[in-house]
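My structure is below; once you've seen it, I'll send some questions.
Which chain is which? They are A, B, C and D, in the order written, and residues in each are numbered from 1.
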Amino acid sequence: MGRPSHNRSIGAALAEHIQTALGSPPDLICRSVTTEENRSVLIIYLNSLVDRKTVDEFIVKSVRQNAFAESPAVSGSRYLRELPLASPGETLREEAVRAAVSGQCVLVDEGRERVCFIDTYEAPGRGVEEPNAEPTIRGSYEGFTENIRVNIGLIRKRLLNPALRLEEMRIGSRTGTCVVIAWLEGLAPEALVREAKRRLAAIRTDSVLESSYLEEYIQDRILSPFPTILNTERPDKTVAHLLEGKVAILTDGTPYVLIAPLTFFDLFSSSEDYFQRADIATFIRWLRLISFFVAVFAPSLFVAATTFHQELIPTELLISLSAQREGVPLPAFFEVMLMEIVFEIIREAGLRMPRAVGQALSIVGAIVLGQAAVEAGLISAAVVIVVAVTGITNFVVPVYSFGMSQRLLRFTFILLAGFLGLFGILCGALLLVAHLVSLKSFGVPYMTPMAPLTKSDWRDTLVRAPRPWRDPNRLPASVRLLKRK
Amino acid sequence: MFRRKAAAAVALALSAALLSSCWDKTELNELALVSMIGLDRDPESGIYTIRLQVINPTSGSTARGTPGGEQSPVYTYEANVRTLAEADLKFYHLIPRKLFLHHAKAVLISGRAARQGMRDFINFSELQPSARTSVPLFVVDGSIGEVMRTYTPLERTPAESLSSRIELLADYALQSGRDVEVRDVIERSERDEWIVLPMVAVTPKTGNLDSRDVDASIDANRNQLRLNGGAVIRNYRMVGRLDDNELVLYHLLNGDKGTFVRRVPFRNGHVTAVLLSRGTKRRLDWENGRPVVRIRLSLELSTLAMNEYHPRTLEDIRALEKAVSESITDELDAFLDKTRAKGWDLAGIRSLLGRKAPKLPNPDRAAADAKIRFEIKTLFTGMGNLSRLYEGSGGTS
Amino acid sequence: MISRGQFYFLTVNFTLGTTLFVTINNMIEEAGPDAWMMPLWAGLGGMLAALLWIALLRCAPGRSPVEIARDAWGPIAGLIVGILYLLVFCTIAAWVLRNLSDFMNVTIMPKTPPTIFHIMFLLVGAYAVAQGSETVGRMNAVITPFLFFPFWLSLALAAEEWKWERLEPAFRDPWAFFQYPSLLAFPFLEAFALTMFWPKVRPGAAGALVSGIASAAVSLSLVLFMVTGLLGPERAARINFPIYTIVQEVSIGRVLVIIHSVLTVTLITLIFVKLLVLLYAAFETIDRLFRPTVRWPHLLALAILISAGARTVYENPVQNRLLIDRYLLIYDGFYSVLIPALLLVTIWIRRSLAGRARKG
Amino acid sequence: MTHMWLLYLVLAPVIVLQAAWLLYAKKYRDTAVFLAISLSGFALWGSVAYGRPIILNAWIGRIIEAAKSLVSF
């Protein structure tokens, strides 16, 4: 009866090999189950990555009742993969190790002389919660999670449409992260989809832990303060953009989904605009545009007005401001710079602290510090007001990464204003316009409805036109431009 | 890779240059905020005396300074120079901060300097782009030194007090108008037209002006500045004066819009009429070779202040309107005859001829004997709160 | 590719460029209250010149004048003409920058050395040109509204001071333009630099060029009309920068009394657009002549040359004005009328010879 | 003799470094063009630094006068 012992030695050897390959981790389970015909079957899996309920009830029980291999529903699907026992030891071992590591259940069945790999992957993870970076008053509270299957489910739930195409890629030699490109067939231009696939395929990296890794590889221009790819945690926003013919890139292990192409005016629209009434949404959108200009230009205009063109300030205000400045040592430029840096430090500290403490720290910190500095005569009160206002307006814009780029711009403009006053700010603004206009996101000009003037798009950028007025199947100009290519 | 390093190097160098040198930068507390400018010239010695009133930011908000606060809201600096250009330099002997003229609210010129001619003052101010010429110009009746050292109640600085008084006089008494600024003097003098500027004088004093105790007294009629009459300016030189009554007529002719009050003879008595002028229109006609200037003036009559009589029938209204028109016409005729006798052309006849008939052989003679005909149309529009006056016997009118 | 609309706005902004700041008081000095008619005559002349350029460009579609010169007159003469145009564009850019720094030094920033203004504008211009002609077209399209509305808003706000008497006696000598011909040269013949954009503009842009020059002429005469009406011919003739004085006297209620530095800075963007076009034309000439493989070094070289030129283009505005009155028309006429005309003639002769040879 | 150091400590190194880089990258035609333009600019700046600036519009005037006299001899 050599054959069975010979077979058992293969199963044991295989288990032995996996044990050594994975460095005998505590969560590696090796169970031998005897079927009714008292044949022993070896089951090997990592219980941290496996759905224990499926393994215990379904696999073990069906193996015991020996009804396992014959049931047609199970065999032949991706769900089950088989390898003949006689296949060369090397591929068998390698296949087994990769299967065990990726959460599959390795089943050595000497009786039927085959090794089966059953996909029972069930990673631990957080449930669907409200995205804390993009809260909305009205609209769904569902946010993406780290598990890509859940994310795909959240998108499919809202898009019961056969035209939704999902294409999976493995990126990262070491982490082998699963990246899925989603688009709507017939709506998204082929050029855009081809370009997205080409750029993703061209990525040579060892690890992809967050979608921002991908973003840096596939974005159009690296040295630019403006994001050319949108990242969001909200499935409704993703579906809205998919319906506009854009491409979404989901990454396993991170709730942030990348959406391309992105234009300048998309940065100012949040998903809430589409759930609120049209006129309120338009007002809020204008509010965001104004807050963008305030956040970037307010401190530099203050510095320019107080140090170069004092005649801009009305007389009464000029008198009270110069009274405030009596005895303040620092010139206005350094004062504003100092307060900006202090404000940034407080904000960063507020973020890093646990939520309850963080909230208190940033508000108390800013006010107390500002007030104390004013009393001590280090800073004039007007500077504290200006810095506080710009700090707050910085958060109005819905895309958080754009908020950070606003800070970069603000510091450069303060520098220019300190050097040349309004003329410096003008040069900075012209450079900014030149940069924005030359920027492209996946072939789509960044300032689309404004730079290559397309009138039809104004309905959805500066103004959110009410639904009845909008032609539903008319794609935004940015995407239509690509269709023509 | 080299290019990126070069770009970074250039950026760093640029920002270093940025920080080190800022040429036009002046901090707020390095500015001397000039609120009033006084110009004077001594005819004999030719010495210019420039006085600047600088706002003291740290003093309290009221004109008299905080009660008990010893700081004065404004300081007057004085500089005697041979040429105007030296003025800026001379001031830096006294003022520790940079002169800041943008917020000047009023410019004063002494009577004697106005009589000698103010063209070089104006050239100097228009030369410097930082000094605005859209600032009201006052002629001082009396010593400008005293005027520049007098506080005025209620307003923080005397300049603000003077400029807001002009606006009130223009709206409510028509004793001033929109064309009282330095740029109007320039334009009128260049176009050989006449202009009348408001005059400022010091009210009687009860103590030396610049001591603190004087301004705590309740009587605001003394120790401050008063606006009275107008200085007639032609070709940058003051040639005469107008009293307040004539000033209203001048501004009427000048086309200024504002309300004014007149005592109008009506049915062997007098009524006080509140009139609103809607501006004048001039037309040039020819009657057998002689230019005739028709000045059309539309007035709106209101019985708001008419406590003597109240029209009840249509005829009464027509009669009242006719009486007002005739009275105003007579006053304007008398005023023009008097001023044209002195050779003044306050109605702007000469410039009208220059514009409408540029190819006239001898414009001055034609302007001198041009006939002026007034067409005044008065409309009864506004009325007070009473539909019939009280007729008790205790009245005086 | 630049669209026709963008090319139209480019022409208008280019032609209006420094004229708003420099020649207004000269024109009013020449013709007094009738000064507003002068730009109309000059615009007419400009349009005729534009028709000449279009005829030339139509002969060789998709090729800029420098290339046409090389095709028509052979490589050596073509190279000389190319270098001539390069120097001409650099000189005009130097003039533009010098006008800018004179304006800024006299009005709001007296102590800053002129070269700083030149270098800053050249840096921004070089960045925009380095990004290509599409960026130049789009940048101008984005800037124009921020320029158009504040300018006309400030003139409207100043309209409170309007007096019709200042414009009389009207029509005394409408032919005043012909005593001041350098106006034709200054803004209008310089529009030749726009023809360097030709290969990068969508076909059918001839209408945009001619209507651009026409609307620039009309808006220039409108500005003159407003300046004469607001300041009066006497004052406007003597003030060096009448636009600055108007903007200085604009007041919105009692609060925003003095906003002239903000408006001045927005008006300078017009000068920037003119510099941008000239810089692009110069770079395009280098591109067509020498086929460079890198962009930034040549832009750096142009910046050095133009900033040096700006420092030495003229000693002072008075000397500049005297020489402009005498030589500018000949100078501009030479490179923007004479040479294109000669090129046109050579091409026609060539064509007729080729035609006869084919027939013969 | 104003700002001599600007001429030699700022302008000259910039030109030399850029030309060196161009040569290093073996772009000879570009180097020639770059040097031609930037050296003429350097010459103009030199004329300014040495106190005898070459006034361009005066030169243009002289050229036109010469051309005029040539044409109408």
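Throughout what follows, a residue touches a chain if its C-beta (ideal position, glycine included) is under 8 Å from a C-beta of that chain, and two chains touch if they have at least 3 such contacts.
Model, not experiment: these values are computed from the prediction.
Core chain by CA centroid proximity to the global CA centroid: C. Two chain pairs, B-C and C-D, are weighed by contacting C-beta pairs, with C-D ahead.
Averaging C-alpha coordinates per chain places the centre of chain B 42 Å away from that of chain C. Centre to centre, using the average C-alpha position, chain C and chain D are separated by 24 Å.
Distance between chain centres (mean CA atoms), chain A to chain B: 67 Å. Averaged Cα coordinates give chain A a centre that lies 48 Å from the centre of chain C. Multi-chain contact residues of chain B, defined as those touching 2 or more other chains: 3, 24, 102-103. Multi-chain contact residues, meaning those touching two or more other chains, occur in chain D at positions 18, 21.
The set of chain A residues touching two or more other chains comprises 308, 311, 315, 420-421. Residues of chain A touching chain C in their complex: 308-309, 311-312, 314-315, 420-427, 430-431, 433-438, 445, 447, 450-453.
Across the interface of their complex, chain C is touched by residues 11, 14-15, 18, 21-22, 25, 27, 29-30, 33-34, 37-38, 40-42, 44-45, 47-48, 53-58, 60-61, 64 of chain D. Those residues of chain B that touch chain A in the complex are listed here as 15, 18-19, 21-22, 24-29, 31, 33, 35, 55, 57-58, 100, 102-103, 105. Against chain C, the residues of chain B that register as touching in their complex are 3, 23-24, 102-103, 126, 129, 132-134, 183, 186-187, 190-191, 351, 354-356, 358. Interface of chain A with chain B (complex): residues 306-308, 310-311, 315, 318-323, 325-326, 328, 331-333, 415-416, 418-421.
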